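Before I ask anything, let me first share the structure, which is written out below as structure tokens.
Think of it as A, B, C and D in the order they're written, each chain with its own count starting at 1.
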Amino acid sequence: MKAVLFEHFREAPSIRNVPDPKPSTDGVVVKVEATGLCRSDWHGWMGHDADIVLPHVPGHELAGTVQAVGRQVTQWRVGDRVTVPFVGGCGHCHECNSGNHQVCEQQFQPGFTAWGSFAEYVAIDYADTNLVRLPEELDFVTAASLGCRFVTSFRAIVDQAKVLPGEWVAVHGCGGVGLSAIMIATAMGANVVAIDLTEEKLAFARELGAVATVNGAEQDVVAAVKEITKGGAHVSVDALGHPSTCFNSIANLRRRGRHVQVGLMLGDHATPQVPMDKVIAHELQIVGSHGMQAFRYKAMMDMLETGKLKPQKL
Amino acid sequence: MKAVLFEHFREAPSIRNVPDPKPSTDGVVVKVEATGLCRSDWHGWMGHDADIVLPHVPGHELAGTVQAVGRQVTQWRVGDRVTVPFVGGCGHCHECNSGNHQVCEQQFQPGFTAWGSFAEYVAIDYADTNLVRLPEELDFVTAASLGCRFVTSFRAIVDQAKVLPGEWVAVHGCGGVGLSAIMIATAMGANVVAIDLTEEKLAFARELGAVATVNGAEQDVVAAVKEITKGGAHVSVDALGHPSTCFNSIANLRRRGRHVQVGLMLGDHATPQVPMDKVIAHELQIVGSHGMQAFRYKAMMDMLETGKLKPQKL
Amino acid sequence: MKAVLFEHFREAPSIRNVPDPKPSTDGVVVKVEATGLCRSDWHGWMGHDADIVLPHVPGHELAGTVQAVGRQVTQWRVGDRVTVPFVGGCGHCHECNSGNHQVCEQQFQPGFTAWGSFAEYVAIDYADTNLVRLPEELDFVTAASLGCRFVTSFRAIVDQAKVLPGEWVAVHGCGGVGLSAIMIATAMGANVVAIDLTEEKLAFARELGAVATVNGAEQDVVAAVKEITKGGAHVSVDALGHPSTCFNSIANLRRRGRHVQVGLMLGDHATPQVPMDKVIAHELQIVGSHGMQAFRYKAMMDMLETGKLKPQKL
Amino acid sequence: MKAVLFEHFREAPSIRNVPDPKPSTDGVVVKVEATGLCRSDWHGWMGHDADIVLPHVPGHELAGTVQAVGRQVTQWRVGDRVTVPFVGGCGHCHECNSGNHQVCEQQFQPGFTAWGSFAEYVAIDYADTNLVRLPEELDFVTAASLGCRFVTSFRAIVDQAKVLPGEWVAVHGCGGVGLSAIMIATAMGANVVAIDLTEEKLAFARELGAVATVNGAEQDVVAAVKEITKGGAHVSVDALGHPSTCFNSIANLRRRGRHVQVGLMLGDHATPQVPMDKVIAHELQIVGSHGMQAFRYKAMMDMLETGKLKPQKL
């Protein structure tokens, strides 16, 4: 098959002919119909991810049809239309058994721990645990786009932040993760304040449902969020991943507010400072969010089906 | 002042001149600008409520302006536009201290434990704990309508059922409580199935957001809900209060589903049968819901303000 | 192998020579070292359980060593010392994926859905999902006794009731389930009130940590529990499974109290009456509890290891 | 009355005759029978607390008898034996209404926002909300010692960490807060690992129930905790309040572990670095804990009464 492959970090990848993948006993091979690209791919290519073994084929945001099935797979057949979360759980560790495949102890990540979807075919391990069936009406391109930013935001907002209707939610950074978070929190009945540095992105945030916006290039972000929310956000998300957005996102909370760290913090940014004095005095909560389990796609898909979420707008 | 008063249960009330109320030391007197009527008033007039002492003035769904203030009240002034939940907490018992005024041990209920709002003025005790400030843009009639059915449904759906986005919510009975529940669950991103006996009410339910409806006069309710929801509802609400809606609402749940009993069960209906074999085998949850605390109005009001809830449509 | 087998419901079982079991591809065969008996076996033998196909070998409380391993099993080897919960999850349905194997949609139950442990060997399906490794220091007899009553109580008290330290917990019925519940709730810092009809059992309950007891043959149970707990229990468990213990267990709760139904309700007792008027007015919660997942044994085992739980005392 | 008073920060306090306090309308005056001292007093005397107005009388850990009662107080009488939490809620802000007096927006703190208990008498505002009745059998000295370190640990372990039985809990720092946390977590059925720099304190920690100890002067704390707990603590508490204990306490968690920051972080330590990369990848949770509400003393007192907690051992 043809695949996009790089042999050295930070050097241009090229299209090569490589052997077709075979399914592991508990895995499948998927014919790739659509694949996406995000900042995690850039991190991988830069050499920031210790899981990658060279030469490497990237690609973790994918949708396609099952083309071959390992002999232990019981739930899937050739021809099934599928996608996968970017973190695949092994299905047998303590985390997987408790329903927390997103922090599995032996994760399968296409495009990181194995060759990914910038290829005609991609092998996916632990298929029974991780494959997600696509509804008829969901096209491959939209499906591929769900697998990373959108599901990450879904888990962050729904399962980690546990946003309640009528709460004020501040979203720091209006890239793919942030815009997804805005759409999802709005669909749950929250009042969203979007923060970014450009008016263009803030305008799009308002289109997706944000009831207020703050331009960090012009305003004191923490003061502005506190004023708009009359005391601070109930929930705040760092959707970018930077020490300053992280700090602001904690600092703009009201008493007992919850910060969710979604944007990755790697390299120099791995250990940012946080306003711990305020965390104590106001009993703030900080929580990380990492991907989403395959079984949680069902709720998201049911919202797509009834038009409550429209990822194709992003 | 003039008031609607009855001297005997089940006998016609009449309009009388009675002395103007005076505020208790921790209470206020409210000039009534709007007042509503619901089935609870009928129960009270029938003699089903042991709290009522004759002669009695009913009325618990009210909005108005503060007209007099007791000397211990610190948060309210003459002229403030207000409403109150139908259960007022004393502010000092264990339940109130823990934030659960809706199940206060010494409840103040206008129209039940004291004379109510079918009068020019009504005295409200424990004012600092229970009064709710009306936003400028909220008219008295809408505000009065919130105080009973709408807030009851808000607590039932948001705080007791803890509905999540993408969940399937069955609402049994499309009266005031049920329609409120449909609007609120829809605003939270849930997929609602409405159940009633008349097509007219079901049509209105669909207008308010229900994605499917079941006519109990024509269909097997439990089977229909299970089919629509592909396995059973995650959450089901008995918004009517009848042994059969209660039973169906539990029986149509999927594994680990949650039933919320909102519709009152009094007299002959006080101790209905439930499918406890299924409660065990499927680990179902049953929970009651009773009014809502004054401090929780804030989230609801913030949703009204941004147009996410529109009680005036009911 | 030799096995205890019955060919008709309600007729005496006999010891027979039957073919040795073979492991399914995802299962193991366990050499039975210890096996227990409980009221569920009686229900099975009476014909109350629709899963049982005749002729049948009962037995669901077991411990032993792995004797043969199916070819898809990755986590277990011949010679491993193991036990299993009485409900085995399939590992692939929505419930299992979410960590709720105790309500799996395709349960494997040794002694019910398949031949059980009253035999020299027993086949256990879905081994990777359901086997539990025994610590060196845990003998087979104690381990076998955990699998049904003790783990059922652990889940009921810890995961379903979510008992908090300092709470008052009423346990109705001091059989195996009830005594386990008393030991576990006590180990969590709760104050337990035990209820039974015989002084002997109540004396044993006190030995296991109950701080108060009520003899239902002599006292009004609901009134007594309310007096001892100064207002009602925070948590109450029907450990027997009878309409009257179920009703009392709900009726003796304080406001916002939680009833857990553990004792089975079958046949004539399947749909008991509950005081729903009080469930609403006091916002009570009723929840069922059914077995326990294999992965939750770890916390229980860690308590055994440090002497915080002593099931051998039961 | 006589009182210990200082006129300048960092200068020796002296005993003076000052006017007797009078109760505010919603407050009481308590005759001080016992009073304690802790590091917060040192912070106050150093000038780290912006609430203190000079000249000042310190003292926030107190027990005594009510000596005078303001005219709006309804729950208390002269002669009542009482203590108070060090944070008193106003009883009327949003936080207090929701049951979160520990983060009240207008806190009353004896010894900080007002003169404290190093005096014959101390005035306590918001008495109906904050006074705690002492059981007959609880002496004043023990009661005074509860009000700061012990209740802070109770909330941290029970309400903020939500420790479960069988979980591994790491406690960093074996001073008053840490030892209280060890006793409380042990009483809940958790397995506690105590960390400190001196063998003497670790020996005392074992006496109070710690099942393992780590001497940070001799061992790599994070590695040692991970080894003892076979993968990391479920819950970890920084009971000291230092950037290094805070960092270690987060770093030694297992996947989805919860860190509770109890030890104060002030001045130079206010914004410590945290391993946010791990917070994301392992979905860790960080939460602050601040005092405890008066109404939550009841559960703690019930545990004292049945001997499940013994603060007098500390």
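Assume a residue touches a chain if its C-beta (ideal position, glycine included) is under 8 Å from a C-beta of that chain, and two chains touch if they have at least 3 such contacts.
Bear in mind that the values here come from a model prediction, so they are computed numbers and not experimental data.
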item: Pair joined by the larger number of C-beta contacts - B-D, A-D; value: A-D
item: Copy pair chain B, chain C: interface residue numbering same or different (half cut); value: same
item: Between chain D and chain A, distance of the C-alpha-averaged centres to the nearest whole Å; value: 39
item: Touching two or more other chains - residue numbers and ranges from chain C; value: 100, 298
item: Touch-based graph of the chains, sorted into line, ring, star, complete or other; value: complete
item: Footprint of chain A on chain D - complex, ascending; value: 95, 100, 102-103, 105, 160, 246-247, 255-256, 261-262, 264-266, 269-277, 279-290
item: Complex contact set, residues of chain B against chain D; value: 25, 72, 74-75, 91-92, 94, 97-101, 128-129, 293-295, 298
item: Chain D residues within the chain C interface of the complex; value: 158, 164-168, 184, 187-189, 191, 211, 298-303, 306, 308-309
